[in-house]
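Right, one structure below, let's go through it.
In this document, chain identifiers A, B and C correspond to the written order of the chains, with residue numbering beginning at 1 in each.
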């Protein structure tokens, strides 16, 4: 027979008031929810705050791109041949390399980051508009992957039975696809198919959507597996049984009981997906299967710039740096979010 | 201020010093939230062949003190002070390589959860052999033979076959026996058992305790058994130390603790034991409140916020002063409480005892 | 075990069949008239009709699929072309490229070695450095080495390959001139000798390895920290084992187990083509072949590359599962 000590829940009651006053020199340590603890930690984390600011700035650039470009004065698609004084910007005899500026990139007080070789487009404007593409695709793809992954994972884990078997096989198959190849190959195909079937022109609006869809489509399976595993164990927990015994239907249980417990996992996965999709979009555009001309994408700029790396290296490194800083900021914030959500309080 | 608890019958080693003696052990951990004072002045002695039970709630400091005896906090952030004397050697001031020579050889520990305490990827037999070969320069065959002998001795059937099994292939009781065997590989003189039966079924519990008592008789080992379960203590220990908030609040021979306790916390512990022979509508009396934060220990008696008997003390002593650990009678029974001893005895006789 | 392997192999065949069907129907459903691709410049209605007949583009899709799969299933391959001018396409027949008529399998076989060396070399690099750095960081947790490693790992994970590759190329080839420009010809070890071969591959290896090494550093560090907090580590110390044994025999053994499986999956995925690195350094490997095929809508080539890569991914999954069962005795192959 196990003999133990039970810990009563009743707080100190019945103590004379003055004793209470003397004993509450001790700090009141209240219980806090995981969300509150995480938020408090996050606010204290200097790196998290710094990277959040950078991200907000980048988002701001994306949103206000047209305004910024207006101030700059050069639309991203415009071919500029002459500068304000009427002098040519590009050395047409030398293949179209920009004249002057830092390391042959054509930087000046007008064109802050220089101009593109051969067509004279303003690099700064193109960089600013490229922000939109990167963030849109990453955000859209992430949302699709998270929603798909969560729903399928929850259904699979909760309903079990043949539905689960079917969905799990589906997850296995999805995870066996050579992802990059498929994304590479599918994007142009779907785009042109969309054009045929629905009459949507294969311009970059369609491409954006296709990219988001394809990235999300190949990203949900990994999350669905994890969600399914968690749901499988969550559904056996007592609070689910309690809710069911009170008459709650499966929808209620799934959305009000199980889903809140998945939020930390979903949050962590989101922080991993966004920077990964930013990189993926850049890589796809770099390879030529992402966003097409004339819309600017950082990846596309890098690809174009690779041919000029000897004579105009900055043309590659401006978008490269932009890409790096964006991904780094998201990764830093993601790390901080993950650390903040980690229930283990031990710090170094 | 050293307050020590001596075990009753002296089966001493003749040199005058007890086999194991703790003097005012303090273990503090600096953390982000403050200094955690896990152990605040623990003292006791123990002779070979005897068992000491350390009782307390989670967070009372009992496990931490056992780790300190093994020196497992050296090199971590923990600050250990005080003295631990084992067979004439002082452990707190020892270097890590020195104390490592003692671990497993002179002092061995049995942990609470044998499944997580054994490496899942290595066979049980190999883990036992490893424990032997660390301290003995012998061929593997000798170690293997000893391991199989010990597995047999602790009651594991087909020991030579089970030698090659992995921990997850054992049942809970068998695993704990295997862990005991592992602890005994080098014939340790002191065995520390940290909640050895908590993770086990009740029937298995009894078997394990019987096993430990048999082995103690055979090897004349000293045993420190750490538990929150008073039944275990009643069965095994000759002396008991009750810890609360990192301090000893009552200690002495086991009969004194069970039949003549004089500290309100001990009363609470005894009162919360379910009794088979009482009526069905009898309510379990629990100690109200929760264990203290080890960062913000109260200035006065650590038990004061939960004590129902403070009104028997005049003035604000309970809140303002830590009571001293004072001896009662001659048998080594010590209590840390502001209430006057005679009054305590009366309170126990009138209010507590009838309900036990 | 044998039963398990047979079952997994059957599943593999099933999965590959599903992938082939999906790939075929997805891509063959494009409006891009494959005949146009094949006949090239001199296309008129006659030549197109001819091509359609030769390649069977007029047949229903299912029939086309069947014909294509015959080449893969039939041990003698299949015949391509119209009556009278048929060629045998030996097994495995992935068809002939629409661009240049070369059997796709030949192209794949030619491009694979470059990818193999690229992937394997990078894998060795990232495994070694990633695990080493992660281990050191975990053991010196909180000290400067740990913070530095975490910083480096974060940096590496955030550095997109397209930027890092060109950075290396620019620095070492263009500016410093320590290494030669990548040769467009495939540098085979036996042809150019080890020194030149290393020169050719070293920058691509580092480029490819960076992100993975950073990931593995983080993973190893996290696993090691978790493992060192386990109860059995405390037991090992309580037995009197010295710290080195505790860390390497008891700690690392557990911590590295998940890394082995991830490594298998990563390498398996890369063997199908390290597309970006090959593009940057002009390595004529599978990756370059696949991107060229995609950009020119060369359907048989796309099909071939996808299936070939899928085989690696699926096999890697099986190998990794079996390996895990060997490493972790608690795992039973169901």
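Here, a residue touches a chain if its C-beta (ideal position, glycine included) is under 8 Å from a C-beta of that chain, and two chains touch if they have at least 3 such contacts.
In this text the structure is predicted, and so the values were computed from the model without any measurement.
Here the chain at the heart of the shown protein, by mean C-alpha position, is A.
Between the chains A-C lie more C-beta contact pairs than between any other two chains.
The distance from the centre of chain B to the centre of chain C, with each centre set as the mean of the Cα atoms, comes to 57 Å. Annotation: 25 Å between the Cα-based centres of chain A and chain C. We define each chain's centre as the mean of its Cα atoms; on that basis chain A and chain B are separated by 52 Å. Remark: chain A residues 172-173, 176-182, 184-186, 188-189, 192-193, 196, 275, 279, 282-283, 286-289, 299, 302-303, 306, 309-310, 313, 316-317, 320-321, 323-324, 327-328, 331-332, 335, 348 touch chain C in the complex. Residue ranges on chain C touching chain A, taken from their complex, read 15, 18-19, 26-27, 29-32, 141-142, 146, 154-155, 157-163, 166-167, 169-170, 174, 269, 272-273, 275-276, 279-280, 290-291, 294-295, 297, 302, 305-306, 309-310, 312-314, 317. The touching residues of chain C, counted against chain B in their complex, run 230-232, 234-242, 250, 253-254, 257, 327-330.
Remark: chain B residues 70, 72, 100-105, 108-109, 111, 113, 116-121, 130-131, 134-135, 166, 168, 182 touch chain C in the complex.
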